[in-house]
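Mind having a look at this structure? Questions to follow.
We just call them A, B, C and D in the order they show up, numbering each chain from 1.
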Amino acid sequence: MVNTSVTLCGVEIDNPIIPASGTFGYGYEFAELYDINILGTFSFKGTTREPRFGNPTPRIAETASGMLNAVGLQNPGVEKVISEELPKMRKVFSKKVMANVSGFSIDDYVYICRRLDECDEVGWLEVNISCPNVHGGGMSFGTSPKSAEEVAKAVKKAVKKPVIIKLSPNVTDIAEIAKACEAGGADGVSLINTLLGMRINLRTRRPLLKNTTGGLSGPAVFPVAVRMVYQCAKAVKIPVVGMGGVASAEDVLEMMLAGATAVEVGAQNLVNPFACRDIIAELPEAMEKYGISSLRDIVGAAL
Amino acid sequence: MKQTIFEIEKNNPLTENVYEMTLRGDCSEITRPGQFVNICLDGFYLRRPISVCDVCGDRLTLIYKVVGKGTEKMSQMSSGSLDLLTGLGNGYDTSVSGGSPLLIGGGVGVPPLYLLAKKLLSEGKKAAVILGFNTKSEIFYEDKFRGLGCEVFVTTADGSYGIKGFVTDALAGLEYTYFYCCGPEPMLKAVYKNTTSSGQFSFEERMGCGFGACMGCSCETLTGYKRICRDGPVLKKEEIKW
Amino acid sequence: MVNTSVTLCGVEIDNPIIPASGTFGYGYEFAELYDINILGTFSFKGTTREPRFGNPTPRIAETASGMLNAVGLQNPGVEKVISEELPKMRKVFSKKVMANVSGFSIDDYVYICRRLDECDEVGWLEVNISCPNVHGGGMSFGTSPKSAEEVAKAVKKAVKKPVIIKLSPNVTDIAEIAKACEAGGADGVSLINTLLGMRINLRTRRPLLKNTTGGLSGPAVFPVAVRMVYQCAKAVKIPVVGMGGVASAEDVLEMMLAGATAVEVGAQNLVNPFACRDIIAELPEAMEKYGISSLRDIVGAAL
Amino acid sequence: MKQTIFEIEKNNPLTENVYEMTLRGDCSEITRPGQFVNICLDGFYLRRPISVCDVCGDRLTLIYKVVGKGTEKMSQMSSGSLDLLTGLGNGYDTSVSGGSPLLIGGGVGVPPLYLLAKKLLSEGKKAAVILGFNTKSEIFYEDKFRGLGCEVFVTTADGSYGIKGFVTDALAGLEYTYFYCCGPEPMLKAVYKNTTSSGQFSFEERMGCGFGACMGCSCETLTGYKRICRDGPVLKKEEIKW
């Protein structure tokens, strides 16, 4: 009997499988398909201070072994998330959820995190300083160690729950950003957010995405994600949540060997709505195949 | 929604680049005309959403146009199995149609109207159909609609067959209690302007998941943001922001 | 009759198709398969001052729609390249070739470029400041605008032939590096070199590559490459040579719409040795399909 | 080197995870035993290099072990066509073998020795063969080599069949003019140490292209850097750096 449980920032979860923000809504579309309480937890749709429609469509494009998205943080805003979405979510998900937060100013981050910190349903705050699809703010916080540290510091001062900073891969040295977050008091980092990409329509000679660029995700980015998780795990002592192109139980093991304490699954939920259920089901057999009795033992084994 | 493996039964061209594929599998989740399936193709990351043309027991009929590498690959499959997500989208609401609804389709917007016409007729209603195409060689399913007993008007932009012009040129003088429309957006807008009754439109948008998770295909309506894949693809005339 | 010719830094080439350095050797393996004089030109194996074996094996790993390599600039050194490889190459390739140069110091770059600048066979110098697989030097020059500009300046002072600086995608702002190269006098920039990636062997729990990390190439990186070519073409006036995951004539058109004057084909040569021959053969039909009569007209049309 | 489409004729397991695939296609580029083909598989970016076990006219026989997702996919193909690069690698030089060469193979290193044995016998030489396996259930092709008329010694590490131990345990007392060896590197090294004559070794390494372009599979030898895929996979005992 293998043990799949891990401890993420002091909170034990049954398994390290966490649907990534923006690919799982608030859970209830998936709860119609399977009991989502089998998940370690999930990270809900990125929450901003005000409601947002996001970017104009088309905001999805296909690539080799991946996809581009430029949704741009569509969400009803933090107050509606608390008053409407979380109660609906609670009906189908009884575990602690990860609250994903995006802002356009340090004040935004602090305000939203403080509001969500007060919610029983929330177990962790995932602070997204790396959204490539919003202008002014978003990724800009994630591309400089200084601003990353400032966000971490400010949010940590305002909340009691563990704070995980979600990092951008579109940087020269991601380990440096991770160290800055640790220095700012972050309880963990999660990576990678999407790689900035672009496709062009040969007929119209215009970008396929109305937003021009979008975030690349899917198996195409997996080797970049593994490398960055490895670099960050070497650089910091706080837990690293790995994500980026994870599509199978073996991918989860590879991420954990690279240093991930838990693993988020993103784009794969969109092409196979049962992806996380399947991965959780396949984990024990994969663990036995590679002689792993307890998942927490292999975190960073390749470092 | 259900994920099911379907077996390809037939896959034949109806015109130069429009194909009719029939498959066998579990169609139990397909409850309304105007819904779609999302098809997984080897070598392509995203699924291909295709509207349902007809369902009969475990036989599913899809009509699709070859527009890219994915649909091109589909057009080359004569047998084998496909992984489908079925029962996607809200579909058309026939309860509000009144006694003599009008169905208006353009190009590959025509297929979903076929199952819709069958449903309306089975409800004892009298369905008239306007089918719009660019030219005679692109026409398909005219006889199929006639076979159901619908009154059928065909328009061609170049006048090579039927009424010369667009579907709106066939609207003049027609009596109808309600309308259902599917086709390219310029056609939808023209129909929106030129119809007297209320009605429903089926929309297209680039989708990520096709079941409401990724917010890739959202649009703004008078009743708030809608996901074309889940809150749509069918929207009521009254909620559209035009 | 369509026109596929383009002008790269003042030199007209019959078509924009250029096999990328490290995927085409010195041409003669491919000359056994087809007449390589159909190419616009090709960029030969990266040349260093001294002979190099490169990194220990394994130095190749597979990824989704791509591959990792950590060859590490194996080459016989500039003197042997000039005395042995170029004469052999000349027997099978009569056009001007692109000389790819790597160094570990500015002095290296200047020395090697000066030696190759003297060779009749050489039409362009492609200065690689972005190799992710060599330690001390290589990529480090390509991750700071200052050192990139210094390399460009120093090399330009030493040579007469057009200098194209090959840029790393592993940076926060590649357009800034391209601008620095332009300021340093570079005649062009080429991008993207490989994205730094990693895979781990689940059985051994060690990296698949002996070098730990390697460079990701193949269709997986194409959307990132298109985005960076677009950003650089917007930022500089000198020609941009686009590369990264190009595998078809349509990919070539997409790169050119994004701003590429010419297009290098890399990894695809390794999985399909006839890739460049096939792309050149398919170009006219693809151009007609999209209403393009002359390739040079569409460069940057999507900007 | 040639790129050719081959048709799969048969694909059957010889042991639990070793398969024998026979294909039909243009084998004209396969000129020497010990060469390999590089196989393109749908859904995998890099080709899979597999050594040639036998060639007879346009019939090609490959033996491969399922070690990953690619070879697993190969093992599931019972028909259809495959894109192969043929005639890769230098192969074994039989001109230097003398009258009674010894062939030494371990595990999936055995297959290339089959075509080699045929070649040597056709040259009127007397070929003895040592086949090493871990255990009885993993043994294949013993009878095939006997069928050629070779003297065959089988070793198993666990002693469940034939001589207990490694191929080197079968060497003692054997007379041979030359040797040819293929198998895992520890075995090659043991043979290197325990052989009296000169010989040739076939090496394995992760390859990018398989035809000498990418330098992915280079190794250092006493006669300079060699690309396993093009200057190898066969190296002479004298040039190996051990």
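Operating definition for what follows: a contact is a pair of C-beta atoms (placed from the backbone, for glycine too) under 8 Å apart; a residue touches a chain by one contact, two chains touch by 3 or more.
Note that the structure is predicted; figures quoted are calculated from it, not measured.
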Statement: Chain-centre distance (mean CA atoms) for chain B and chain D, in whole Å, is 57
- prompt: Just curious, how far off is chain C from chain A if you go by their C-alpha centres, in Å?
  reply: 34
Message: Centroid of chain A to centroid of chain D, CA atoms only: how many Å?
response: 47
- request: Can you check how far apart chain A and chain B are, centre to centre, with Cα atoms defining each centre and the answer in Å?
  value: 36
Message: Residues of chain C that contact two or more other chains, please.
response: 61, 63-66, 218-219
Residues of chain D engaged with two or more neighbouring chains: none
- prompt: Among line, ring, star, complete and other, which best matches the way these chains touch?
  reply: ring
Field: Touching chain combinations (by label order)
entry: A-B, A-C, B-D, C-D
- prompt: Which bits of chain B are touching chain D when the two form their complex?
  reply: 42-43
Query: Mind pulling up the chain A residues that touch chain B in the complex?
result: 22-25, 29-30, 32-33, 45, 53-54, 57-67, 69, 71, 74, 218-219, 267, 269-274
Task: Could you please specify the touching residues of chain A with respect to chain C in the complex?
output: 61, 63-66, 68, 143, 170-172, 195-200, 202-203, 205-207, 212-213, 216, 218-224, 226-227, 230, 245, 250, 253-254, 257-258, 290, 298, 301-302
- prompt: Quick one: in the complex, what on chain B touches chain A?
  reply: 1, 3, 40, 44-47, 85, 205-209, 211-220, 225, 230
